[in-house]
Amino acid sequence: MIIHMSKEATPEQTKAVFRRIEAKDAKYEVIHGTTGINVIGVLGDMSRVEESYFSELDGVEKVIRISKTYKQISRQYAHEGRIRDKETRAIRVKDAVIGGSSLAVMAGPCSVESREQARAIAAYIKDTGVPIMRGGAYKPRTSPYSFQGMGEEGLRVLEEIRQEYGLAVVTEATGQHRHVKPDGSQEERTVLENVVAFADIVQVGARNMKSYGFLQELAMLTRDRQTPVMLKRGESSTLEDFLLAAEYIVANGNPNVMLCLRGIRTFEEGKFQRYTADIGAIPVLKRETLLPIVFDPSHATGYRRNVEAVALAAVAAGADALLIETHSDPTRALCDGEQCVTEEQLRALLRRASAVRDALNQAE
Amino acid sequence: MIIHMSKEATPEQTKAVFRRIEAKDAKYEVIHGTTGINVIGVLGDMSRVEESYFSELDGVEKVIRISKTYKQISRQYAHEGRIRDKETRAIRVKDAVIGGSSLAVMAGPCSVESREQARAIAAYIKDTGVPIMRGGAYKPRTSPYSFQGMGEEGLRVLEEIRQEYGLAVVTEATGQHRHVKPDGSQEERTVLENVVAFADIVQVGARNMKSYGFLQELAMLTRDRQTPVMLKRGESSTLEDFLLAAEYIVANGNPNVMLCLRGIRTFEEGKFQRYTADIGAIPVLKRETLLPIVFDPSHATGYRRNVEAVALAAVAAGADALLIETHSDPTRALCDGEQCVTEEQLRALLRRASAVRDALNQAE
Amino acid sequence: MIIHMSKEATPEQTKAVFRRIEAKDAKYEVIHGTTGINVIGVLGDMSRVEESYFSELDGVEKVIRISKTYKQISRQYAHEGRIRDKETRAIRVKDAVIGGSSLAVMAGPCSVESREQARAIAAYIKDTGVPIMRGGAYKPRTSPYSFQGMGEEGLRVLEEIRQEYGLAVVTEATGQHRHVKPDGSQEERTVLENVVAFADIVQVGARNMKSYGFLQELAMLTRDRQTPVMLKRGESSTLEDFLLAAEYIVANGNPNVMLCLRGIRTFEEGKFQRYTADIGAIPVLKRETLLPIVFDPSHATGYRRNVEAVALAAVAAGADALLIETHSDPTRALCDGEQCVTEEQLRALLRRASAVRDALNQAE
Amino acid sequence: MIIHMSKEATPEQTKAVFRRIEAKDAKYEVIHGTTGINVIGVLGDMSRVEESYFSELDGVEKVIRISKTYKQISRQYAHEGRIRDKETRAIRVKDAVIGGSSLAVMAGPCSVESREQARAIAAYIKDTGVPIMRGGAYKPRTSPYSFQGMGEEGLRVLEEIRQEYGLAVVTEATGQHRHVKPDGSQEERTVLENVVAFADIVQVGARNMKSYGFLQELAMLTRDRQTPVMLKRGESSTLEDFLLAAEYIVANGNPNVMLCLRGIRTFEEGKFQRYTADIGAIPVLKRETLLPIVFDPSHATGYRRNVEAVALAAVAAGADALLIETHSDPTRALCDGEQCVTEEQLRALLRRASAVRDALNQAE
């Protein structure tokens, strides 16, 4: 850390800073300005010390952090190791690999609505070669009057799909304790327990990215089996907050985290786009962390007709995987139908996404 | 709802819209444009139907909702009743009333750090006449390496304060299942159960505003005693989402909800301000809902030296209550010290806030 | 400036930084980290050197500016002088003072539409005691098909008003060269020349805040008479950019600048509010600069029914003046009618705003 | 337009709406709700009528525009014509075509700094096959103390380049009247006149996108020769505002407008990215308008190391052209050096961008 003292800082105020540094077993050096000590450089590990530990002291003008606050997921701290410069930690899920040299794809409906719907979609997904199906059994919805997911019953449908089609399944866990069924009674186990017991990949939704207690529990429940976790970026979280949320899971014992970008909230919200696709975050995250990057073009734009262009952009920018909403009959979807692509659109998208990925692999 | 059909819509597409309307037991009327049916007006209660139910159909250009999606908390639906135009539902907490004609104040530290710290702050809060103390026992923190709150031990400290000083207490519940203690073990009851069993007002933090399952559970756990809930606005949630989150709690049985504004995330984040104070939301919420409005100037700006100006602005704009962070020794606070005002600053702020409120009451 | 070198920086890279510092006639001191020179402190005036002068060099990790980039308008650089801590530079406009101890008000329509409209409004403005009338003769409009202002004809109407009612006039200059009349021909003089020749206060609109060449010219044209300039904040400009835009005018010879806040663009744009009122910017600007602060509640919210609450908030937060849109018949306004208050609303607003200001003056 | 009346609207209020419709020579139809006339559909051309013409009337709840406000550039109004569904208006500039089936590229420094710098860059640009060079002679800068461009002298350098290397030149015009030289004197002609007289493509910068008078003048000055104009999106302008700004130029006589996306301002601004790349705007604009789309990855991210990924994303999403900042010695650039790619990086980027474009052309 670098601490910039104000011009008016008294020697006592400067000493108070020194004492705090020493209290953390660190050393310091100083730079003198024209009116006294101007800059204090802290030497030692400050990664677990907050800026405010110093900035709240009188006479301190500004505190600048140099070391990263996220450590275990950082490329910087890892690169002495086995993983080379552009490589990413590869996460294996059944037959698929996320983070390898080829593009991984997960596709499926926003939520499981019925056995028939889920099977119809699974059938064509399987046929296109997509190895992982998405589908929510627990759906956090903005309105209390909207469909909230099938709950355990939905997980059972997904289990059948998994058996019948040999697809891996990614599904969302929520911070809710126990799901309320349509009849008003509650399920016996918590949503988290249910999902962790079932999923091949546990999805953490954007709304829960900052539910830190939930992230901690999730890590504790999955650390034995190291079930992969797909963490979605909060709609207004900075990249640093996003990385720290991943650090929560890794620091609590589960290193198999993939980061999913899904659009951020900006003034652009409206009739043309629901969210802004944060494409530029891809090269940043690739440089900052070893974790693989998933991109969700469906939520990143909000409208079916923009999904392909945004998906191709994500692949070109270096995403390791795509997460795509598709529905056999988008106009009957119980949730987010507007952003679901049809089977036909999915096939075209996959074909072009592969073409882009192949072209870039060759042009490397 | 009003449904605008595209110029190219076929008669079949228009019929598909009619069928969906009828499936919801509603009626319709149409307006003919130069090239056919242009606008369809839906007659009937559409408050539980999402726009996408229609917008996903081919030939539909746009769907415009007319009725509110939030009903139970809406001024519009209530105003035939007992509450007059500018009045707000008053929520009584011990000796204090939030939503009445005078300004209510809650003050205290970000988190309970020790018995000594909590008592020192309680003493001067009490002395200023503030009837409600804030203080977190469970703190969701951005970094996994930051102080996470004292947990049950913190609630015990607050309990002592309540007894000794006769203050009411507002404290935060989080979506986390069971708090992890510093030794790695977990508390026996869930955070929500612990907080609900203790608090005079249960605070829902901005990070959990969209944890809908959590809101549902909270409502179910508090509906018998109707414990007041203070719901903070998510840092990037629209006002409509904010109102719907409140509707979740009310619709699940607890009508005693107060809405707390605390700043939104904009491009303004940085060295001058951490968040943008959403003052303009006050008159909007006062018009849209009957629920009382609390304003948190500490989080709305992020820096101690801006707190008073923002607090006075909130009072002038019509806030029913203020929620203020204060600390007996801000530079030693374990969390958010930079935005805590000192005792002296608190006293000055309260004096001026009262002056503004009184002046406006008289100038009515 | 403080320059933080990366861990991998070579001695040659560090030397390159030294050479650049010396090229600017400055000195430096260094702090050694565990692996070599870690931090370089630059000693000397760097206010005219951009961060990128250093940050673009290899081996440089981060450049942190310490000194302000705006100097002439900064409170920091001025406070040895005559102006005390909480005081603001007072700007006199005829009988009114902006920046003094009482609240100044400017009111009027968005644009001058006809002699009758302007006179009707001037009459009741005068009667309420407001000393300065606003009214646009040149209106930059989002759509090429909207009313673009009366041009020189509008200035002539304002001239009559000024004579007849003894009001001072604030009106907007735009970056446009020569106004295009409805018949397609152009006025003889530039808009800037026309406005500078006429106005008591020249308004720079939010859309032109970053038209730096225009600011330069404006300063050059007004520096002899030192005509006051009211600079509106760009809808997405940071406070630093806003201050730098003011510095452009002052550095080019005209110190009489007042800063006008008018709402910023955030995700909140929509049916409830058009912009977000940047109330928290008031205490920040009061601390950073000596220039007086004007607040425009009409644009800050966009809807008439929110204007009073936002205006009162601005006064409570310390604004020196208000700029309010009013219209004798808002529903017939040719521009921005939705945010104009009526005469009756204006009177109520002024009464309450004075009450707030007086209360705060007394509670000081 | 569709006008939604409030439940409480009186028959007189409804009649007032009818009168306003008739005053615009339009007709209407109505839909009756349970309590009276609920919805009024306006039949007729309302493209030049603002929403507020109706929304300001008492009893009106909401006004919804159906017809586009931008007409001449709209795909919707054009598609009966010669241009087919996915085609774009092709703009020819010397040997290059922007908007055709292949990818066009413009590259060069932020600003012309000297004859040597400009020639060094032109030489390698030419060698890579890029047909259009960018380079600013007039630079609007945030700080009054930064380099403001070489002015006419810079245009003379660009003229030499054009002759010597056979490159077309795109350079920026600003709203400034007459450029101030370093000695304080002013150039004889306006910046706009100088640039229009010289440039192959006139660039309008993001800061001037809303300088409507300037757009009008630009159109009038270029309408005889129909010089292509590249209009950059304002950093916080909505897509609708962006399209309307283009409409200003087209409606005033110059149809050769290309739209340049360059990142928008969001909360993401900071150390990782300066702006947010608005990739999702590409498919939206391609659908809304016939004008070709240029993407500027340099400004869209702000840091050299992210430029390639963002550029490839833009190509994959369907951009017709790229605008790239490059410098022979980025660390010595007088402006925006941090986002300039080197010659080597430019070559790699071009190779991969072509690979992506070719792959997509084949996979069509």
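A, B, C and D are the chain letters, set down in written order, and residue numbers restart from 1 in every chain.
Here is the rule we go by: contacts are C-beta pairs under 8 Å (C-beta built on N, C-alpha and C of every residue); 3 or more make two chains touch, one makes a residue touch a chain.
Since the model is a prediction, treat every value here as computed from it, not as a measurement.
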- prompt: When the contacting C-beta pairs are counted for B-C and for B-D, which pair yields the higher total?
  reply: B-C
- prompt: If every chain is reduced to the average of its C-alpha atoms, which one ends up farthest from chain A?
  reply: C
Query: Counting in whole Å, what is the centre-to-centre distance of chain C and chain D, each centre being its mean C-alpha position?
result: 26
Statement: Cα centre of chain B to Cα centre of chain C, whole Å, reads 33
Statement: Per the C-alpha means, the centres of chain B and chain D lie apart by a whole-Å value of 40
- line: Multi-chain touching residues of chain A, meaning two or more other chains, are 62, 236, 265-267
- prompt: Across the complex, what residues on chain D touch chain B?
  reply: 2, 4, 29-34, 38-39, 41, 43, 61-62, 64, 66, 236, 265-267, 269
Field: Residue ranges of chain A touching chain D (in the complex, touch as defined)
entry: 236, 238-240, 263-264, 266-268, 270, 272-273, 275-284, 286-288, 300-301, 305-306, 308-310, 312-318, 351-352, 355-356, 358-360, 362-363
- request: Report the residues of chain C in contact with chain D in the complex, numbered from low to high.
  value: 47-48, 50, 52, 55-58, 62, 69, 138, 140-146, 148, 174-180, 190-192, 207-208, 210-214, 216-217, 220, 235-236, 241, 244, 247-248, 251-252, 265, 271, 330-331, 333, 336-338
